[in-house]
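We call the chains A, B, C, D, E and F, going by the order they appear; numbering starts again at 1 in every chain.
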């Protein structure tokens, strides 16, 4: 169960409202790298957590923190949409600077649909998409999903940092970037705690490895045509990271033959010619 | 540029067609953990690769291999939809076993929309969604995205392995599971090559860390209400994985106050009461 | 900012796990009538609230309660997926009852993608769709959106109540149905508080009504062809609910003429015949 | 069955084409508050109408009217895309004003995909999404869904009214705003006809109220942490709107305990550590 | 503008309700081959029609007919959901046959969300997706889009015909299949009227063909690796269908070289190693 | 199985980077008319091909070519995002031209999410949607789907050609436009090879035509109300294109009556008034 206090986790101040920056911030709310996604991802992982109770607790804690990040960013959007932005006044001969803002770069739905507030969508107005909420039931897979979310999330926050000169916005982003740093560390720390690469790989480590086709488990297949150099690196030679094999490089070649599918079943209603030896012969035979 | 030979990378055989398993296989084609996603993710990462050329080459190679995996799985779906499945004959008093299959657990669109073949969608018929194709422009973030895809992908393949007794299908899955093993190793090997945690964290490592709010960069915030124990572990004490700080545990408390938004602008067309001191007073003042 | 205690708002018990019911419960989690939608809808309305502070506070309170409802339902899904369901054992000659469950009516992705836990999607596996999070910036519009959500949500909960005999599930639903009752009352009470129909209609009430085409503001247009009886009722005669007019019934007739669009611009690359007087004359003129 | 006459319900004139306004109008066509949604919502409610025949008739009538609104708006978009907009000529040194329009604020797909015509999508180019077509089978829930659609739709039309100075566009919007006024009244009139709050609440009113947990049916739960004031209003004291209870205010507290899920089933392929007492012990035990 | 009469275009009768067939029918309502798509596609093509007025008229006429097809199918769904289906009584020991239907193959949302009526979604519950409404502004492209819709639509109707033995349903489908026959003919007749292949190809025929790279306009590129036979047929030799060239077969070979992208811009926040000559060197240089 | 050589099929050069054109190019990558769609459409048609082997081979060949087109366009996007675009320098007083580009017309996610590279989405940032991958199992339907894709695709490429003056971009588009010409010819050539209209119509031609309601198979229904002229043309008189009938024109009239649905089932939880003779009587009877 959850509680609130109505306060912001970190101050959100906007010195010079900028409707175009309000659009950019949407990516950090409803985008695939955004806070709605991480918040719900951690909460769903918690709700379905099986195994050691401490991970459920940790996921609940961080998922709960992330709700406050959505709150901060939504507040930042609303504040950026207030007043007549200075940098738009010059370009606009027209009387109404908000019209110009709507017309010139802000997300029009922040006005049309929300009356000057944040939406649950990304910087292009694409609605938040719940399919990005990963909760696989495998803790190692989930931790890597979380690292990915925080790595792309921190890259996003750094890029947003470049797009604003507003001291309030920069201050807020410094906080969020730091939290993304911590959360990257946090999920990777769980991997360490579980034994690192050797303790967790291959994921899932509960599938008996002798059931897989071990002959190709550490082989880099190079499907370049003749003359194309194969890439080489840590992934083509030396011991594998799970300590169970040796990397190897092989040109890609088919183990299988051309697939042979049965002719169409009558009830599938292909064209008659697909059921004939000689497709140049015409249709309507069934009738 | 790309080429083909029309052969399967690994043999695909189905001894006993099973339309319900054909539905399950869709998850490995068009699902978020599926082969369309990894294929296109690696190719888009390659197409946009900036920096060392060898990573473009590697991504192209593995992206190209994955096209063949889509081909194998689509072939497996088509073969599972052929003929009258034995295990459905008993239950069906009706003459037409394909009708029963369509009615009893297969994806109906494999028949209705594809005439007994694979679709570009997941096990619930949800179409493949291109927003899952992550290519962030940051190689470390991308590598973790790829590990995630291969970890959830391998978990999926292992689970599919449980759902079939068909020797041909099990053989195909043994191959795919092994390839997922390799691909997990491969992306993590790039992280190693780039210097491991200390060489890559925090992601992006090109943002000057002194710009972030270092005070909270390694702090685990515990937002449990009074009486709720904070989670503890590798992520609450000891040196951080990037070697730049020390983990720390703190109860979560607001740094900020309640947000104060301006009243609605007239052109936002809120209700009149939202613009009043006393909202119990009624509307239509503007008219 | 938000807090948690790790406990359930109301007990969730499952006496007889039923994977098929676990699928049905997904509708109440990620469906358009579900808890993710109401939770996020109330929170976004709070985050963007302009005007009287008490409504922000109320929206935060109820939005926070709804997070706990997602938690309850996700827990209910996980519990329904545990063990070997009794009512499936009979039908299944096969050794593995979980295979049968996956094959016979449960959401396959609860197994394939989540390892036996809840997903952020509806009863058909369609992912949660953020476009349903309504926060219009107009409090009356938002209150009706919330009533709608709670009315369809309560209908859903009542229907789920019919689909289970499990005493634990019925008990949980009794609680949720009661909360939906309260929440319907709550949002309608705000309408009352704002002055009821006369205080709030037409929504938005801040648009000067003399600007609209008053001639048709209370007219029911009946577009039935000759001989089709027009519907009659409270909406075709008597005073309008906002107290500003009289309902009226009129046959629908066009005020306008056939639209006349300009011919295609050359750069639009229509077919040449679309730019000619006589379209029977052929193409390629431009070349 | 349906008929047409090829004329517009109300005249659509554009004095000064404005490609950017053409983009804004898309929200009223394919947006969640738009005409495609209300049109199809009323028609689907009619097609599935059970109970008194007059409501089917009414829904058919208004659904049919709404098709004409889509027609008007699509015509308005096409007309706004014609010619070289004056207000763009100044800013554009370039020879081709349409290029500038495409590049400077219009929806690029109106040109790229439609050759200067309307799309079935919203102001951000997000395609019309059929999940917003609510038809719940419960007439009171549906009426509130319809009120919501017309309330957000009228707010949208009022906001569009602010964004244009074109007399033709303003005239068209005056008509549409008036129709939204009527349609709000119309759906609420049905609620009145059914007995108002006491006749319709709680929705659905056919579920026996004694089956719900009456103890919490009129309670406002306040989940603020210590020190946070609870919101108060019509929804915290006095008789409930359905006449069946009394509102009440209580601090939120858990009725339940921490959820206990079973450990992962082997076939779910969690990490091995999730199945152990001591997760610090490593993986691969099964193999 | 549009009108209605409340009658069905063709009788819809269901002798034996079948909830599973009700699910299948959804594909013909909200699926990509369904009636919502063709209806809206023809109407949007009409609303944006530029050029000869008769095609606007024709598109309006057929678009209007298609609304009635949605009505027929939605009615068919509702009728198939009524009563206790006979073929389910046997299998069900349980008292409640509707529960069994919901649990055993019908679309659960037809009950949960619609109270036993049709939804605006496909046979897998995926909502109708407006991006399938093609209206390109080029009449030849649109006619082929329409032929495609009617060809896949007729295939769908034929497949549905196989899935039912109900005489009422078969009768309705006979009508719809015949209409699809006509509509295929109709759109192709427009192509004939415009001059057939030579009058319409290449589409758009208003682009000056000398601007394209004529060297490859009629070449079939065969990208098979060495040893893979090239496909041959009408498309590899003989005059092209537009009468402007000769088909030709060539092995695929690159005209271009390896792409060279610039290194990441600093503000893109790639990993530092992506900006170095030697990526084995580690990160954090900027700080 | 597939191979690559790392080279571009045709040179991609950008003389003057233009971030706004980079946005436009996205439509040709991830839009409904774009290369991802045709690529995957042809490959899925190949993977599911039943009947003459040569068509599988042809589809594989052209599907493989299209992967290279995605590569070319993604490269073009990346190159257009490099450097400081000249035409933006004037308008921007600000120091940072990339900021201006992000703010002034480019797709913000090309920067925010991809760090200056292509996305798998369209010109409005809507993600690639796999439901557009048509593979119906009927070769004639599929060929028309392919013609449609190449006709709308060529129209798109021609329109992009208008939006750029860059000689490198124009050169690349000349190549792509020519390939679209060929591919239109190619799919129509298959129709010719199968016997043209008489050999392929109605699609599917394997359904016995006597099963359809032949009375309406060649009738154009005109649903105009009284006074509206029916459209006439090749589709209203003369022999049908399949040689099996005569076109005919008839006013549209209902064959059916008003639909009669049963009252709501109790378990559907409609409002009580929907189950009564006199709906003015109120609710809660069940309780």
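The criterion applied here is as follows: contacts are C-beta pairs under 8 Å (C-beta built on N, C-alpha and C of every residue); 3 or more make two chains touch, one makes a residue touch a chain.
Remember, it's a predicted structure, so these values are computed and weren't measured experimentally.
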| item | value |
| --- | --- |
| Chains touching both chain B and chain F, listed by label | A, C, D, E |
| Touching chain D and also chain E, the following chains | A, B, C, F |
| Between chain B and its twin chain D, rotation from the CA superposition, multiple of 5 degrees | 180 |
| Inter-chain centre distance, chain A versus chain C - centres from mean C-alpha coordinates, in Å | 25 |
| Interchain centroid distance [CA atoms averaged], chain A/chain F, Å | 26 |
| Geometric centre distance via CA averages, chain D-chain C, whole Å | 8 |
| Multi-chain contact sites of chain D, meaning residues that touch two or more partners | 1-9, 32-33, 47-48, 50, 57, 61, 64-65, 71, 75, 78, 96, 105, 111, 113, 115-116, 121, 124-127, 129, 131, 136-138, 140, 152, 155, 158-159, 162, 193, 201, 203-204, 207, 209, 211, 223-225, 252, 254, 259, 261-262, 264, 267-270 |
| Chain E contact footprint on chain B (complex, rising order) | 1-6, 47-52, 96, 99, 102-105, 107-109, 111-113, 115, 121, 124-127, 137-140, 193-195, 198-201, 203-210 |
| Residue numbers on chain E that touch chain B, as the complex places them | 20, 23-24, 27, 31-33, 105, 122-126, 152, 155-156, 159-160, 162-163, 223-225, 227-228, 252, 254, 256, 259, 261-264, 266, 268-276, 279-287 |
| Chain D-touching residues of chain E, taken from the complex the two chains share | 1-9, 30, 36, 40, 43-44, 47-48, 50, 56-57, 60-61, 64-65, 67-68, 70-71, 74-75, 78, 113-121, 127-131, 133, 135-138 |
| Complex interface listing, chain B residues touching chain D | 155, 158-159, 162, 225-226, 267-269 |
| In the complex, chain D residues that touch chain C | 3, 5-12, 32-33, 54-55, 57-58, 61-62, 64-65, 71-72, 75, 78-79, 82-83, 96, 98, 111, 115-116, 126, 129, 131-132, 134, 136-138, 140-141, 144-145, 147-148, 150-152, 154-155, 158, 161, 174-175, 177-182, 184-186, 188-190, 192-193, 197, 201-204, 207, 209, 211-225, 229-235, 240-242, 247, 252, 254-259, 261-262, 264-265, 267-270 |
